[in-house]
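So that you can tell them apart, the chains are marked A, B, C, D, E and F in the order they are listed, and the count of residues begins at 1 in each.
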C-alpha cells in the first residue's frame, strides 16, 4: 500500500460523507435548497456514480455532470468523419479504446473493425507511431481526441513521427479545451450552478492559475478536485464551504498533483505543434478558439489535410447528449434512456463512453 | 476527462522510466517530467508521466482533512 | 447493414448472452440446461452431466499456464461447479498451418499433466489443420462428462440471507493474460490462477451441506457471472465491495488501463451461494483446501421473488449500486 | 529447422496418423480407445461411448449441406459406427469477427434440423469469437455421447473370408466440396452425401448379426479408412476395384484434377466388415434403408495373423496392388 | 508426363468452352483448338483443350484391336 | 459412359493382357530373354503400376521407366532456386500441385508455405495471371515446369499477361523437351532397350512426325501409346510385334488423339515467346537445346532475369533419382527406398511426384 491510498481509505471516506452532509445541511438551512455543483470532468461523474457518493448525497448536494468527456463533446460530424477514415484502403486507424463503440451515423469503429477494417486500439499514442514505422506501405491515422491532459501526448507522438521522418503518419485532431467551454457555458446562462468541481488531471497541464478567470470574471467558487473517494468528498466540502462563506475563490484541493503553473514542458511541446482553432462541440455549435489543430508547418501530419473525407450532415436523432454535457438535463429525462439506448445499443456517445453521463447512470445508478 | 494513476518510479532512463502501480509495472514516458527521480511518484496518463506527485503535499492535505473531520 | 459477429459477442457479457439466447438456445431448445455450466443428459436418472468449451486464449502461453492447461481446468471446473465429479473428457484441436510442433507437444503435455492432477481421463481426440491465417496458433475444444455427486446442489432452496462466497482473489487470470500481451507493456508478477477445482469442490460437497449453487467466474468476471446467477435463479443479491478479495497488482493493472477487476476473467475460482446456516462450515472447508485459502463471504441473497434477479454492490461508503453484465468488451482507455 | 504443422497433418493420411500417435496418444495414454471412432467411458460397464470432432470445412456452405449439418452428421456417424445409439451432443462454436449473423443462424438451424432427424439432443454449447483473420468464418466442435446397442460389434471375431461392405457410392462429399470452391472452376451436379447414419445402423444392428466392425470413411477416404481398420484390428483384406461404387461425375472430376476417388472424403457412408455367413442378410438390410441403397460388397478379409494388417486392391485386369494411407494431401496436378 | 483427359464440348464461346467429363463440368480454354465445335471431344491438359479427339479413329483402332484379339 | 471408355473396359483389358503375354512368349522363345521397353512417359509408369499391368507382365515384358516426369528430371539446383524464390518479400509463388512436396536441399515448397510464405497451387497457369492481376502490389511468379504438352499453356499465360500489360508477372522457366533427352539417352549407350513407348500427350503437341529421327537415325522401334489399360496393352503388343518383325518403325497407336503434324497453333504460340536453351537435367548434366526459355524481347516475363536468386551447389545425397530417370536402376536398388525415403519423407523428387518412379513403386508395387 502506498502513501496515496490514504485517500481511498474506507473509514475516512465514510466520515467524509458525514462531514459533507453536515455542511450541506447548513447550506440547505440557509438557502432553503440544495447546493448545486457541476462536476466539469467526466471522470468525476463516473467516480461519483461508481463509488456511490452521488447516490448517497442525492438529498444533500445536487451534482450536475458537465462537458468533461472528450468523446461525448465531439460533434457527430467529426465522429462520422473519423469512422469514415477507416474506409480508405490500406489505412490503419489507431485509437484509444474510448472511441471504439461510439455510434456514428452509420456505424461505429467496432462495427467497421468487424467488417474487416484495420482498426487498432492502443494504450499510448506513441504505440501508433511504432505501428506507422512498422507498416511503411500503410497510412496510419491516429484519432486525436482529448482535453489538455491528452493533447501533450499527441504532440509527443508527432515529435516522434517527425524524428523518424515518417510520411505515413497523421493525426485526426479533434481536441477540446476547458476554458472556452466553461466560458461558453457560463456566458449562456443556461446552466444554473453554485460552484464548479474542476478537473484534476486537466489541471495538471493547465495549472491552478489558469482558472483565475473563474474568480475574476465569473465569480464562481471552484475547487480543483482529485478522484479518490476522500478527494471527491473534500472537493465537495470545500465547494460548499466557499458557498457558505460566499467566497468566489479557486481552491486547489489536489495540490500534490496540480501545480500553480501546470506542466510547462507539456504546454511548450503542445504549442510547438498546435494552434488554436474554432471547434464544433456537440449541442453547442462552434466555440471560438476552443480546440487545437496543427500549425501550418506541420500540416503533413494533419489527417484532415491529407485525406479528403466528406460526410453528410448527420441525421437528427432523439439523443439529448448535447444537453447532457451542458448539464441541462439528466439522462433519465431522455426518452431513449434504457429503452432504445443502452450500452450494448447506444444511440449517443454519452451512453458508451466510460465517462459518459448516460453510461454512468445506466451502469451505476439504474434501479429497475 | 482523463484517467490518471499515481505510479512509483523504480528506474529512470532517458525519456523513460519503469514505474510500479501496486505491483503492476510498466515502462512509461518521462518527457514531461524531466526532473523525475527514482522513488518519485508520477501521475500516469496514456503512457506518459504528466507530473510528479508531491507526497509531502499529499500527507499535508490528508492531515489537514483529518483535523477537519476530527473537529 | 448486414449484422455481423463482433469481438464483443465473445466477451461473455451482454452480447454473448443475447447471441446464445437468440441463435443457439432458440434453435437447440436447450433452455433448461442452459442455466447450468454443464447440462444433465436425459439418461440414467439425469446422473450424467456434460459440458463443452472452446479455448482461444491469446497468447497461448502465459504466466501460470498455457491454453492446454486452461482447456483442462476450464472444463473440469464447469463440471465441478455443476456439482459433478469429472470423469473423462475429449480434446479437439484446430491447428494453424505452421504452428510449431514443439509448442503443440508442450501444450499436450500440460493437458496430460493437468488431467492427471484432476483425475480425469482424456479419452478421445481430434486434430484438424487449417491454412496459415485461418486460425491463431491453436484452438482447443474440451468436452467433459461427469457424474453428479450424491449430495446434490440445492438451487431450488436459495433464500434470503444465503451467503455468497468466492473461493479466493479475483482478476489474476485476466491480468496475467494482459501482461503476457506485449503491446500493452504491462508487467506483473501475477500468475494466472488457472487450476482444476474439482477436488476442492468434492471435498466441500462431501463434508458439508447447504450449497445452493456454484459457478466459475470466467469470461465476464465475477460481476457478469453473478448477474447471470441472479437472473437464472431469480434471486437478488448484494455484494460488499470491501470484502471482495482483489490483489494489489490487479488493482494496479486495472488503474493503469481503466479496467474494473469485477469484470476480469478468473480460471481457478468459484463463487457459491450457500445456506447462511452452514456458511462458516463451508467457508472453513473451502479455506482448508490450498486452492481456496483466500475464500471470503462477499455478499448475501437479499430477495427471492419471481421478480428478483438483480445484483447490487455495497460500496465502502455505505451506498449501493447495481451491477450489470460486462457491456461490450474490455478496452484500454484514457478516460 | 523448426518442425511445424503443415496442411498435410490434417488430411487424415500418413502425417495425421503420426501426429496423433506421437503427440496425443503418447501424452493422453488413450491407446486402446483410439482404435475406435468413439471411446467407451470407464464407467457404467463401458456402456457409454463418446466422440469428438472439430469441423473446419471450406467452403462453409456446399451442395447438399453446410458446416452445421456436417458437424451433426459427422459426430452422429462416429457414434453409430462404434455400434452405439447417439443420445446427445454438445456444440462449440469458434466464430471469426465479422461473420454474418444470418449465416450463423442458418448453420444453427441446419444443426437443429439434422439433430432432430437423427434423434439427438444438442444439450450444451459454447461460443467464442476471435479477431478477424484468426479463424475462417466459423469452426464447430461437436462432441457426442451414445450408448452401445445391446447387440455388440464382434471385432474380435474378424476372420478370413469376412466380407467388406460399403453402404453406397464414394467420393461425393469430396467432389461436392471441390466444386463449391470457386478457384478450381469445377462444376458438378453432385451433392455432398452428408447424412446421419444412426438409424440405418440401428436398423441393421437390431435385425441382423455378424457385424464385426464399422467405420465412416471420411477424411482420407475409403482407402485410408480401410488401411487403418486393417492395422488397428490386424487383418489383411483385398478390395475388388470393379465392385467399388464410384459415380461417373466423381470419376470425371478426379480425371480432370488428377485425384483418386479412393482418397476422397465421404460423409454419409459406412464401411463394414461382416461375417460372410451373414453377408447377404446384412447387405439386404442396408440396402433396404434409403441411405444404403447403393451398398456393395467390395472385398474380403484375406488373413488374420498377428503380422497382418495390409490392404490390397484387385485391379480389373486381375492383378493386385497394395493400398496405403493418403500420403500427404490432395493437390490438383498436371502430371 | 502430362495428365490429359478427354472432355466432351457442350458449349463453345470465344477462346473458351464448357466441357463435360462424365458429368463433371468445367470451362476450359480452346485457343489451341480454334476449330472446336459442340459435340467434339477435346483432350484437356492444365485447363486447356490440347487437341480434338477423333472419335472415328478411336472406334477404328478399337475395332482393329478387337479383330486382333479375336484372331 | 462415352465412346472412349471402351479402352478401359475390363474384359477387353484382360483379353489384351493375354494377347500381350502370348506375343511376348514368342519373343522369349526367339531371343531367350524378355523384351525390354522403356516407358518414356511418367504417366505411363504410373498407369502401368496403378492398373497392375506392370506387375502382371513382370515375367513377360520388362518395362523400364524413363525420363518422363517433369518434376523428377529437374536438377536439384533449379528446384532449390524455385523454392528460394518464395523467400523474396511480397511475392506470391504459383505452382502446379506437383511441385509442392518436392524436397529442396533445405526444404520443400510445402514447408515454405507452412512457414508462412505465400504459395498457391493452381490448376491452370492462367489462374496465376489472374492472381497477378488481382495483386498489383505483389510479384507473382509461376513455376514453369513441364514438357511440350505444358509449355504451350505457359506461353498462353504469357500472352494473357502481355495483353493485360502486367508488370508483376513472371515465369521461372525450367521446361524440358523430349527429343534431346531421348537422343542423349540413346547416344550414351547406358540404357539398353529394345523399343520405346512414346508419351501420348507430349505427342499431341509434337505430332507423330517429330519421332522420325528414332526410326531414321536410331532404328529403335517405337509406339505412341495412350493411358487407358487397353491402350497401354496395345502399345506393348505393337512394340513387341515390331521387335518380332525387326521393324524400326514409329507406330501411332493413339491416332484419335495424336496427329501427324501435332498441334501447330500450340507450337506457334510457344515459338512466339520461347527459344531453345541448354538445360541441366538431373543426373545428366546439361543437354544442348533441351529446354525453352524466354526470347529476349519477352525478358520482362522472365523470373530468372528479374530476381537475383543464388543457390549453393546442392549437397550430394544417396538419392539415385538421376539413374532412375535414365532407366538405369529400379527404385528398389536405391538403399533409401522405403527406408529413409518415403512419400511422407521423400529424399528425391521421384518419391514424391505422382509420376515419380519411386512413388509408383512405393504406392503400387511395394509388398512388405
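Please note the rule applied: a contact is a pair of C-beta atoms (placed from the backbone, for glycine too) under 8 Å apart; a residue touches a chain by one contact, two chains touch by 3 or more.
Fair warning: this is a prediction, and the values are worked out from it, not measured in the lab.
The chains in contact with chain D and with chain E alike are F. Note on connectivity: the fewest chain-to-chain touch steps from chain D to chain F number 1. Among the pairs E-F and A-D, the greater number of C-beta contacts is found at E-F. Measuring from the averaged C-alpha position of chain B to that of chain C gives a distance of 35 Å. Taking the mean of the C-alpha atoms as each chain's centre, chain B and chain D sit 63 Å apart. A straight line joining the Cα centres of chain A and chain E is 74 Å long. Residue positions of chain F touching 2 or more other chains, listed in rising order: 1, 42-43, 69-70, 96, 113-115, 123-124, 127, 146, 150, 355. Chain E has residues 1-3, 22, 45-47 in contact with two or more other chains.
Counting partner chains per residue, chain D shows two or more touched chains at residues 4-8, 97-98, 185, 248, 258, 333-335. Listed by chain label, the pairs that touch are A-B, A-C, A-D, B-C, C-D, C-F, D-E, D-F, E-F. The touching residues of chain D, when paired with chain C in their complex, are 2-11, 16, 19-20, 23-24, 27-30, 33-34, 38-44, 48, 50-56, 58, 87-88, 90-102, 104-105, 108-109, 111-112, 115, 121-131, 133-136, 139, 141, 143, 145, 147. Within the complex formed with chain D, the residues of chain A that make contact are 113-116. By the touch criterion given at the top, residues 1, 8, 10, 13-14, 17, 42-43, 49-53, 55-56, 69-71, 96-98, 100-101, 106-107, 110-111, 113-115, 121-124, 127, 146, 150, 229, 342-344, 352-355, 362-367 of chain F touch chain D in their complex. Across the interface of their complex, chain E is touched by residues 1-4, 6-7, 12, 15-16, 19, 40-43, 68-70, 96, 123-127, 146-147, 149-150, 152-153, 156, 199-202, 204-205, 227, 230, 234, 237, 253, 255-259, 263, 265-266, 269, 355 of chain F. Here chain D touches chain A in the complex through residues 97-98, 132, going by the rule given at the top.
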